[in-house]
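Following are the structures in question.
After this come two complexes, each holding chain A, first together with chain B and then together with chain C.
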Partner chain A sequence: MKKKILLIPLGALALLCCFPILFLCTGMLMDKGELKECLGPVLQGTEGYVSWRLVPRFPTLQNVVELLLDSPEFFVMFWNSVRMTAGILAGQLLVGVPAAWGLARYRFRGRKLLYTLYIILMMMPFQVRMLSDYLVLDRLHILDSHLGIILPAAFSTFPVFIMYRFFGGIPEAVIESARLDGANALQIFGYIGVPLGAGGIVSAMVLGFLEYWNLIEQPLTFLKDKTLWPLSLYLPNIGLERAGTAFASSAAALLPAVFVFLLGQDYLEQGIAAAAVKE
Partner chain B sequence: MKRKILSAFAGFLALMLLFTCLSRAADSFSVARVTVQAASRKKITHKVSGSGTVVQNREQAVSTLPNQVVRAIFVEEGQQVAKGDLLFEIDTGSLQEQILEKQQEMAIADLQAQDRQSSLEAQADRDARSRSRAQEDYSVAAGKGNTAVARAARELSAAQAKLQALDGGGDEQGEDAVQAVLAQACEQKKVEYELAVDYKEELEQEIDELVRRALAQAGGGAPEQNISALEANGRETHTAAQTPDAAVNTAMDAVPIVTADAEPIVTTGPALNAAADSAPASDPASAGTGAGSIQETPTPETASAVQADRQTQPAQEAQATQQTQDAQAMQQAEQPGTEAQTETQPAPGDEDEILVGGEDAPQQAQDPWLLELRIRQENQPLLSEAENQIRQKEQELSDAEAALQAYLQEKASGTQAGKEEMRAQILEEIQAKQEAYSDAVAAAGDGLRAAGRAVEDASAPQGTDSTAQIEAIEKEQRELQLEKLNRLLEDQGKVLSPVDGTVAQINLTTGDRTPDGTAILLADRASGSRLTVQVPKSQEAYIARGDAVTVKTNQKKEIKNLAVDRVRAAGEDDDVLEVTVQLPADSLEAGTFATMESVRSSEAYDCCVPLQALMEENGSYFVYILSRTETVLGEELTAQRLDVTVLEKNETDAALQSGSVGSDQQVIVSSDKMIGQGSRVRVVD
Partner chain C sequence: MTGFLFLLPSLAGVVVFILLPFADVVRRSFTSVLGAFVGLANYRTVFSNSAFLRAAWNTLRFTAVCIPLLLLLSLAAAVCLQRLPKAGKVLKSAYLVPMAIPVASVVLLWKLVFLRGGILNGLLAWAGKAPTDWMNTDGAFFVLVFSYLWKNLGYDVILWLAGLAGISPEIYEAARVDGAGEWRIFASITMPNLLPSLYTIAVLSFLNSFKAFREAYLVAGDYPHESIYLLQHLFNNWFRDLALDKMAAAAVVTAAVILALVLVLQRAWERE
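For the complex of A and B:
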């Protein structure tokens, strides 16, 4: 009973949080005249305040059709985003998982120092690394290409930190018994470590996807060629004339994130919990 | 569950892939495909062309006499003929008939002219006769009128004189006055008579003297001295002759007045006419100074003179009448007083005699007796005249004395009627005479006026008559026509081509009659031909006199380097110009369809674009140029509007202000879709 009573204010708060999503869906179905009427004060400088309604007066799919059929650039950017995100996540899998296994399972000199360094790097915001990143990428001649975005992100410290927690949580006895059964180090990593640390890996991947799908600063800084731009840079280009398309594209951009979230929802919570636990 | 979500995610991505392809396809479909071209340096050429038919510069009309029967035509339209070629032939039979007809017409006209001439002459004769008769009638009327008036005047003055004499002799003194006047007249006549006798004697003496001198001179005298002496003598004689004239003058005053009055009546018909017309209205007293007035005679002023002369009246009257009649007969304007004439006549006689004597002097020297006889014979008229005078004066003297005697007898008999009764009778008589006189004057005036009008009518001008000249002209025309007919007959009715040319038009039909105007129209080949074409008025600026043109025909014949001869508006049509090109002789035949082409090129412009690249909006020109922009889809081409200034353009190109379009800029020349500012385009080759 007590729980039910709590549900009401919590539901109201949840609805409030969902409001931008509703906003997005409603706007996607509005026609141009209605959008102009509602958004005119902020986008065109006309008198009054921005108003909004939950159900469009004249619902239309015109904006969706326009986006899907008349905006080839949207798809270019969508696939750019897909490519970059996929590349980054693949890189993190290849590099981050063994790195986290090594840090968690092996005792070697300077391990603590290295881990601390990882933590420090993880804490640094992008702005701090921007110039050095730019110079390095320029030297490597991978500026103005997707590789320039993917490589730095693939070696990100954050997924290592998340997975380190999961690998570190595997009992020593399990690994000892496997070694006794004659398993070598690679077999122990492949057959014992990855399956047991899968929650950490997935959780790191989901968090990584959400981060890199919405990447703005790096592409804006390192990519001159507009054909390489990700979807996150498509939206700021839209004015009132294409507000409807903007809502539709926003909705379209939202969908992959929703799917990934739904897929990795369980592991994501574990991952966030793991990140919160200090050794 | 996870599997479902995963498959949904995969489906979403597949859907996105599908729409990627679809939107790409839609995009490539919507983008305009354009062709581009860079601005280039070239000349703007203006080509003016038009088609028309070649016509000859000069046409020659061949005509013959109208109304001739055409026997045969030997040419047809478009045929080339040489000078002297037979064109057509006239029927000579009908030609001969016409000649005969013309000749007969001319003969008739000649006869008519002759008839007219003779009738004209007869008419002229009649007119002349009636004119002379009218003149004659006029003279007779004037003479008659004058005589009647003069007679009436004399009778009137006689009656008035009687009245005055009666009034003057009312008492004893008056009786005496009459007697005294009569006696005085007698005295005067006597003196005159004596003077006449003296004159005759003097004359005789002079003649004797003359004879004597002539005889002496015949012996060796100087004739000139003789003459001068005679001249002086003559003058003395003349002076002496005038003295009695002055003496008689007072008594004769009335007579000259009558004479002077009578004269104008005779000599100047129209003048008297006018005087007679105005006579009844004019006052007798105020007309006293007018010598031409008939009524002047009986005025009181003259009557006083008459009164003093009343005893000599009968004699003078007779003389005056004689003088008047003489004057009338002679129709002389100048006539001295009767007495003066009588007295002065000897003077010219003297001079005649002197001249004769002077001239004859050398001859007389030969025979003195013959000389004397001759002088005396020659002076005989003078002498006889003087004798006549003496006789006349004698007669007058006796008349005057008779009058005085009659008066004295009458007085002595004492049988005269009562004075009042007599006065009344005389007054009645005067009244009657006055009326008679007025009637005579009026009758004379009427007669003269009628006669004058008859003269005027007879000599009235007749209207001009140009029939003779007209007939002459008509005759000339007939002769000319006849000559033409004859000439045609001489040529056997054949009409030949006068020039080398092309038959342009035939207005004849075999068997019909020839028209009045052109029979056959020939295009003269030697004078060349011209091509006239029509071009739109909008091309006026690109064609002018002197421009080089090329003329082409359908037969691929091409004549280059011809010049435009004339450009002008084509009649009433404002949108069309007529361009004429002179073609060289024998180049193209008349009637050939040909095309003219003239190309005029401008200076070279740096920035020329094809005309279809040029757009116009609200009177200003612009072009679209290609603009490359980097977009998400890669390098994209868009159309950018560029406003330009057009310097010149023709049907294909437009010259823009230099620098309007950069050398690296591509101008969109054509597009398969409507494009606007910022339209995405795709270049196709």
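For the complex of A and C:
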């Protein structure tokens, strides 16, 4: 009985966490008249306050249809987001997976120092890296391009750290027996390391997706050409007077993230917890 | 040697994209924009710059309010969740949902809740309290604190749960057999055993607090209310003015502070 009482505050907290999804879906399904009526106090500055309903009065897909048919810029921005996120994650896979394997399974001189360096670098917020990123992108002439966003992020050391934790957990005996069977270093990496550390790789990708789908600071700083902007910078620029479009596109930006979240939730949890458990 | 070869592509990228340019930033922090050596002058300018002091103070204040709140709230939630094995799994997922909601999507909601004619003021009026202009007063600070807590609760709950799972059930069994009460068990067993996790979680929460800029920027733009003018806003303004010398010095200072924190974290990990 005592335990049941705990459910009330915990459940309330959970509702508060999930409420925005419901809110966005409701707003997306409302027709123009209802939105105008609900948001009037913010839109026209009329007296009173924004009101809201849990379920729209006349649910309609009008907003979604308009977004899909009449907002070509939405598709450009959506595609920009997809391109940048996919590019970054592919880069992280390509260089990050072998790096994590090398750090986790081999002993070589300077390994400990490099590992510490990787941890320090993954902790640096954007404001520390802002000027140095600018200097290198300027030198390479890739400012104002998607490549300029993708490359620095592809070499992020954070996914290396996550995958390192998982690779480190593979029992030495498995690797030893493969070596006795005559497998070379690349075969051990490809046939044993990658499959057994797959959980870590997926964890890093899920965490990475949620991070890069949200990219704000980098494109804001390095992309002058607004047609290159990701969805995350475009959405807040839709004024409230186009509330229907704002709701529909916010919901559309939410969709891939929720999809990845639902599919990869266990990996997400493992990825977060990887930082808390000891080596 | 093979291990190093596996690492090499990543390391080469790190050197080219992070280390070398940062070395250049350190060099620039001692020179003027035109390249003349000026010693510590840039650092002196930065530390006497009122915008920097305000931004640094706000960032510090934000951290000092948010992190203890987040740590306590998430610890309480984690300890409760551990007692509810069935409902716990669902609730844990619910707490993680905000991580998946893009900032850009939630900005719309934040606006409708916190604007002058927004939902929150509506609730206040309904309860007979005076409404506030949340985004244009000190209230902006609390909006930012709320949005940070909302976003990071699940992340910290998972970290605490990982720490809690590391405490062996036998200790609890033994204490219960000896007749210890729930609070006594929490104070004498749970807390001391969670201490190493506390360091880790505090530092990770601190680093996530830098991301609060996203909400501040998307809701309030380049020039928000002064209570939420953060270091990242200042860096953006300096970048726009091409004040690269000031940026360099401030970046080095920020990096030094974070480096010190990370070393503390490392020591905590090693003690474990």
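Here is the rule we go by: the second predicted complex is superposed on the first by the 259 of 279 C-alpha atoms of A that agree within 3 Å, B and C clash if a C-alpha of one lies under 4 Å from a C-alpha of the other, contacts with A are read in each partner's own complex, and residues count from 1 in each chain.
In the analysis below, contacts are C-beta pairs under 8 Å (C-beta built on N, C-alpha and C of every residue); 3 or more make two chains touch, one makes a residue touch a chain.
Since this is a predicted model, take the numbers as computed values, not measurements.
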| item | value |
| --- | --- |
| Joint occupancy of chain A by chain B and chain C, clash or fit | fit |
| Partner chain in contact with A:Leu68 - chain B first, chain C second, else both or neither | first |
| Partner chain in contact with A:Val76 - chain B first, chain C second, else both or neither | first |
| First, second, both or neither for A:Ala248, with chain B first and chain C second | neither |
| Touching partner for A:Trp229 - first (chain B), second (chain C), both, neither | first |
| Degrees between the directions from chain A toward chain B and toward chain C, using C-alpha centres, nearest 10 | 100 |
| Which of chain B and chain C A:Leu263 touches, first, second, both or neither | first |
| Touch count on chain A, higher of chain B and chain C | C |
| Minimum distance between Cα atoms of chain B and chain C in the superposition (Å) | 16 |
| Contacts on chain A seen with chain B and repeated with chain C across the two complexes | 234, 260 |
| Complex interface listing, chain A residues touching chain C | 3, 6-7, 10-11, 13-18, 20-21, 23-24, 27, 39, 41-42, 45-46, 48-52, 94-96, 98-99, 101-103, 105-108, 111, 114, 116-121, 123-136, 151-152, 154-155, 157, 160, 185, 189, 210, 213-214, 216-217, 220-221, 231-236, 240, 246-247, 250-251, 253-254, 257-258, 260-261, 265, 268-269, 272-273, 275-279 |
| Touching residues on chain A, where the partner in the complex is chain B | 68-79, 82, 225-227, 229, 234, 252, 255-256, 259-260, 262-263 |
| Sites on chain C touched by chain A in the complex | 1-7, 9-11, 13-14, 16-18, 20-22, 24-25, 28, 77, 80-81, 83-84, 87, 90-109, 111-112, 115-119, 121-122, 125, 150, 153-155, 158-159, 161-163, 166, 197, 200-201, 203-204, 207, 210-211, 213-214, 217-219, 231-232, 235-236, 239, 244, 247-248, 250-251, 254-255, 258-259, 261-262, 266, 269, 272 |
| Parts of chain B lying in touch with chain A, wherever the complex brings them together | 2, 5-6, 8-9, 12-13, 16, 19-20, 22-24, 26-27, 30, 630-634 |
